[in-house]
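Labels A, B, C and D are assigned to the chains in the order they are written; within every chain, residues are numbered from 1.
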Amino acid sequence: MLGSCRGRTMNEVALKQYQSCWFIRSFEKAIAVQARAGNVPGLVHLSTGSEVADILLGQQLDPTRDHVTGSHRSHGLALACGADPVAVAKEILGREGGLSDGLAGTQHLLAPETGFLTSNGIVGAQVPLAAGGALSANTAAVGGIGVAVFGDGAANQGAVLETMNLAATLNLPMLFVMYNNGMAQTTAAVDATSGSYCARAESFGLTAWSADSDAYTDCLKTLRDAVTYTRLGSPAFVEVTVSRDHGHYFGDEERSEFPPSKAMACFAKWLSEQGVKDQLLNTARCAAEKDAAAAVAAAASAPFAAANALSPWLGVQGGTDG
Amino acid sequence: MLGSCRGRTMNEVALKQYQSCWFIRSFEKAIAVQARAGNVPGLVHLSTGSEVADILLGQQLDPTRDHVTGSHRSHGLALACGADPVAVAKEILGREGGLSDGLAGTQHLLAPETGFLTSNGIVGAQVPLAAGGALSANTAAVGGIGVAVFGDGAANQGAVLETMNLAATLNLPMLFVMYNNGMAQTTAAVDATSGSYCARAESFGLTAWSADSDAYTDCLKTLRDAVTYTRLGSPAFVEVTVSRDHGHYFGDEERSEFPPSKAMACFAKWLSEQGVKDQLLNTARCAAEKDAAAAVAAAASAPFAAANALSPWLGVQGGTDG
Amino acid sequence: MAEQVLTIRQALNSALHQAMADDDTIICIGEDIAENGGVFKVTEGLSGKFGAERMIDTPISETAFVGMGVGAAMTGLKPVVELMFCDFAGVCFDQIMNQAAKAQFLSNGRLKLPLVIRTTMGAGDGSGAMHSASLHSLFASIAGLTVVCPSNPADAAGLLKAAIRYDGPVIFMENKQLYDFEGPVVAGLPEISLGKARTIREGTDITIVAASAMGHRALAAVETLGTNGISAEVIDPRTIKPLDVGAIVDSVEKTGRLLVVDEGTAFAGFADAVIAAVSAQAFGSLRCAPMKLCPPDTPVPYAPAAELRWLPDSADIVEAATNMTEA
Amino acid sequence: MAEQVLTIRQALNSALHQAMADDDTIICIGEDIAENGGVFKVTEGLSGKFGAERMIDTPISETAFVGMGVGAAMTGLKPVVELMFCDFAGVCFDQIMNQAAKAQFLSNGRLKLPLVIRTTMGAGDGSGAMHSASLHSLFASIAGLTVVCPSNPADAAGLLKAAIRYDGPVIFMENKQLYDFEGPVVAGLPEISLGKARTIREGTDITIVAASAMGHRALAAVETLGTNGISAEVIDPRTIKPLDVGAIVDSVEKTGRLLVVDEGTAFAGFADAVIAAVSAQAFGSLRCAPMKLCPPDTPVPYAPAAELRWLPDSADIVEAATNMTEA
């Protein structure tokens, strides 16, 4: 679905990206419908609002040698890295055939075969893991990189801050990507963070960029430059401004006043300016919506993971099993 | 011993400080003698090399409203804050009548009555505690501050980095004092830390200074300015260059190549330049040496804490006692 | 005294309101606790009443703010720190294990440490492996910590008040699945002593020890057991540490059988602690092997059926108790 | 095969040399481990042999470098991470409890996690409350972790090799007090299976289970007990988890008595785990209450006499075992 872009014109590539963004957005919308219907086991944190960042980042990466980790809010990132949408949806819905057969769930998407190592329930904990990915890539000398994606709130966790210094000290090929959506749960970024994020990263010795996902070309160029720079062997940091179009989790009504993401509208406008016909935009969007709805529908019609999903893990450690 | 300095001339104050520095240095020397003789239970980390910083900092503080925490290497700081030298020495030697009757030891000196809350066996862990001191002082509106003293190695711990952001976010009257002695155990600061320490602190929104303890007036002014600034209600950071005249711990022979601290020689030179007679300097030094030796000797002749030092703590929690 | 029915959430909220009104030195620290009232709404309304000075919202920096709580407790405040999920203890565990737990000992009693860390526990709501753990025995295994796991509104309010007044660090564990559990409370929400178990059902054939949500499951099981002619006594320890071993031993001396039902770890957890303590003190009274019913030794699974299978339920309790009484 | 006498430190060092020579994917990560050879000198000489790429010195940032080890283990390397003292686990506990321990489960078996965290344990050298803990059961209570506590050079080397080859995360705990303990090893330092206990003394009257340094104290006690006519069997579990319950149960079925001597916590610790497991499986064989001998429930005190009092010693073991056999 979120396929490769080699050998195409720039417009074709961008249109495909646009379609992929719509795929994520529609996927999350379909998950929201499932959640409202009570078909999701717990709470879900939707990626709605960071689609453009997810896709532009994902397309700079190489599944055969890069290792990516994400936060609790990583449906879009996992898809952008190439994780199978049906398996992702099944995992989120707790179904058989989910990435981890429903044992892990929305906050723990693992698709290492695509380079998407894992997302994480603990804010910031994914960041040291990506340093390990960078270390492996470095040791194997395959030109791969580690990429950690985290939020503005996570930027205040010791795990994230320590890893910035560690990556710089060891000169790891590691890219820190901070999605600044202005909020951490109900706390505004400005209330929780003193100083600027880029200055912070620079103070640890990282090369830092910032970009706004509303500005397609800028954002693309920045992410591409940052990945290229990192691939040459040094750690870097990018702050990407995104939005959080739902509340912290879906159903968290109090935050519904947040404005919808402008990023995709801006992207569409830019495509129009490049001469891409509205009809093509519509076709891409419709195709994406259809594909995403189909993926989530396929997942929703699959059986819930059975109690015996646990069976392979019973007695593994010799603990007393209840 | 490390008494107050009100109502004296500047030279008198400085001479007294000089004497206090020699007190710490001689105290540590006497502890080293005890350690070599096998009279110290475990390893000790000596403050030799940071005496000038300890004393100049300690003298800016007010025991009635400030709260100070220190690292594993805090004998000098505790003394500079006014902890009873005999009780400190007894604690280091594991004797009855030590600050904690020998239960805590060299890395856990607690003299809250002097404002010296605690030192710490875990690198960096004392720093959040000082934020609590700052919060208490702030809440009580007594104009007090929290002060955390830590090393260049500790500056890479999440606890320290998180607390910088927290203090800035809450606008706590908290002073971060980093003693840069260039080494953490056997790791050179330059190998473990990327970027500059002051830039790091500034990136978290702290006002930052640096000073060299070899330069008496500068160091004094910087610490005084920083304490004054913090007392007005905002967090700040000071990097003080000190030396580590022994190895990481006493007896860690491999590091004996470190050059002896110049700070006290510089201090003496400065005093001479101010017209303080050599004889006065000698008298101060001799008095300090005598006092320190007497304090440690008094401690060393006290009985080791007995097994029943533990008694008050047995059964407190209802656990099964062995 | 006047009785009233409250949920645990409401009881905790009222207790905090009362305690903070009575004592200026009590402050609350945590993520999203002030204006937002906490993600579980336990601190709702407190910031309007007591202001931003006493209701402190923090960045996502648990080590820094738990440590700040420890330092504040050393210097005259009585902080109540909210750690959103006990699973997050990992990111601030040094401040709990080495700083909060050891400070009083290291000061040889010169320091008081009136710190409460309120946190949650409990699986059953599809929150997955890092938002569902029950780490009460992890905390209880650390010398210096008091650990409380209330199961009803009156206990929750009364024990929280006691925890706040206590001079040492207390980990106060609220079960997410019980926040809406209703029960009677008397006016004034009287304090309840730490360290005292409560017999929530009397019986003669078997003693079931079950804290927090497991107490409710045990009560449900007791009904079925009763219809099968088995009379079970259920003890809610309420405080995990210090554990009221005496109350449990008294019961086992009467019933001769012990079953511990617990949502924590099956290996070196609360269940093992109870079994070992009872074996040491009442071995002669035991008519059969003391047993435990705990989840399998895996992280908490996400999918509903697997999570259901993972948690001990009343059918499991009935089966275990029946096996023990028949043996 | 040729026998040789080595200290535990030397045996561990040789095992690392051999393992790293045999497998390029093994790397070491930690503070002061490369040129300095580690503060306990276990990694001495490795950096000269294998270079800075495979012997990685880090800043004092345990969360970052333990997490880096976890991530590296997910992506093809076999990291051996040194955590200088187990007391420091607090500053990186999330990476141990939630990341290392849960990754394989969360991947439903798709990820391997060949990670070893080497750390130390053990009181007795005046290191004080934050450099002396024995947290083996804290780790063992977390589903997904394997925990190893060797007591002699051959076991140390053989178990370390097995731990490095194992697909899951292993906490490998070296007792500081035993680094200089000497013992015979055979050439090649053969691997020893995880999860197998060893009977280090046969006896008929009482089973004493004791890991790490406590095994040595138990052996000393056995001599005295023997002269008093009590024949004690001593089992060194070697692996704390998975625990070789079978070996212990077999022994208790023979002796009828169980004493667990352990340096870890007395509440919800290893001792309780053994007692509960044996009670469940061999209750009928127990001739008296299974007992434990653990330190008092306090942090490790600093002053020598208090620390001595704190640690169970062989006189305590003799007394406990004597009481049990006389009862």
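Simple rule for what comes next: a contact is a pair of C-beta atoms (placed from the backbone, for glycine too) under 8 Å apart; a residue touches a chain by one contact, two chains touch by 3 or more.
The shown structure was predicted, so the numbers you read here are calculated from the model rather than taken from an experiment.
Among the other chains, B has the CA centre that is most remote from the centre of chain C. Remark: chain A and chain D have CA centroids separated by 40 Å (rounded to whole angstrom). One finds 36 Å separating the Cα centroids of chain A and chain C.
Spacing of chain A relative to chain B, judged by their CA centroids, is 46 angstrom. Between chain C and chain D, the centres computed from C-alpha atoms are 30 Å apart. Multi-chain contact residues of chain A (touching two or more other chains) are listed as 101, 103-104, 108, 120-122, 125, 156-159, 162, 165-166, 169, 191-193, 313, 317-320. Annotation for chain D: residues touching 2 or more other chains are 58-59, 61, 63-64, 87-88, 90-91, 94-95, 98, 105-106, 129-130, 143-144, 241, 243, 265, 267, 280, 292, 297-298.
If you draw each protein chain as a dot and join the dots that touch, every dot ends up joined to every other dot. Across the complex, chain A meets chain C through its residues 40-43, 94-95, 98, 101-108, 120-125, 153-154, 156-159, 184-187, 191-193, 304-310, 313-322.
Against chain A, in their complex, chain C makes its touches with residues 31-32, 35-36, 39, 57-61, 63-64, 87-88, 90-91, 125-131, 265-267, 292-298, 301-310, 312, 316. Across the interface of their complex, chain D is touched by residues 63, 87-91, 93-98, 101-102, 105-106, 129-130, 137-138, 140-144, 241, 243, 265, 267-273, 275-276, 279-281, 283-284, 286, 288-292, 297-299 of chain C.
Against chain A, the residues of chain B that register as touching in their complex are 156-159, 161-162, 165-166, 168-169, 191-196, 199-200, 202-206. For chain A in complex with chain D, the residues that touch the partner chain are 67, 69, 99-101, 103-104, 108, 110, 112, 117-118, 120-122, 125, 127-133, 135-137, 139-140, 146, 158-159, 162-163, 165-166, 169-170, 312-313, 317-320.
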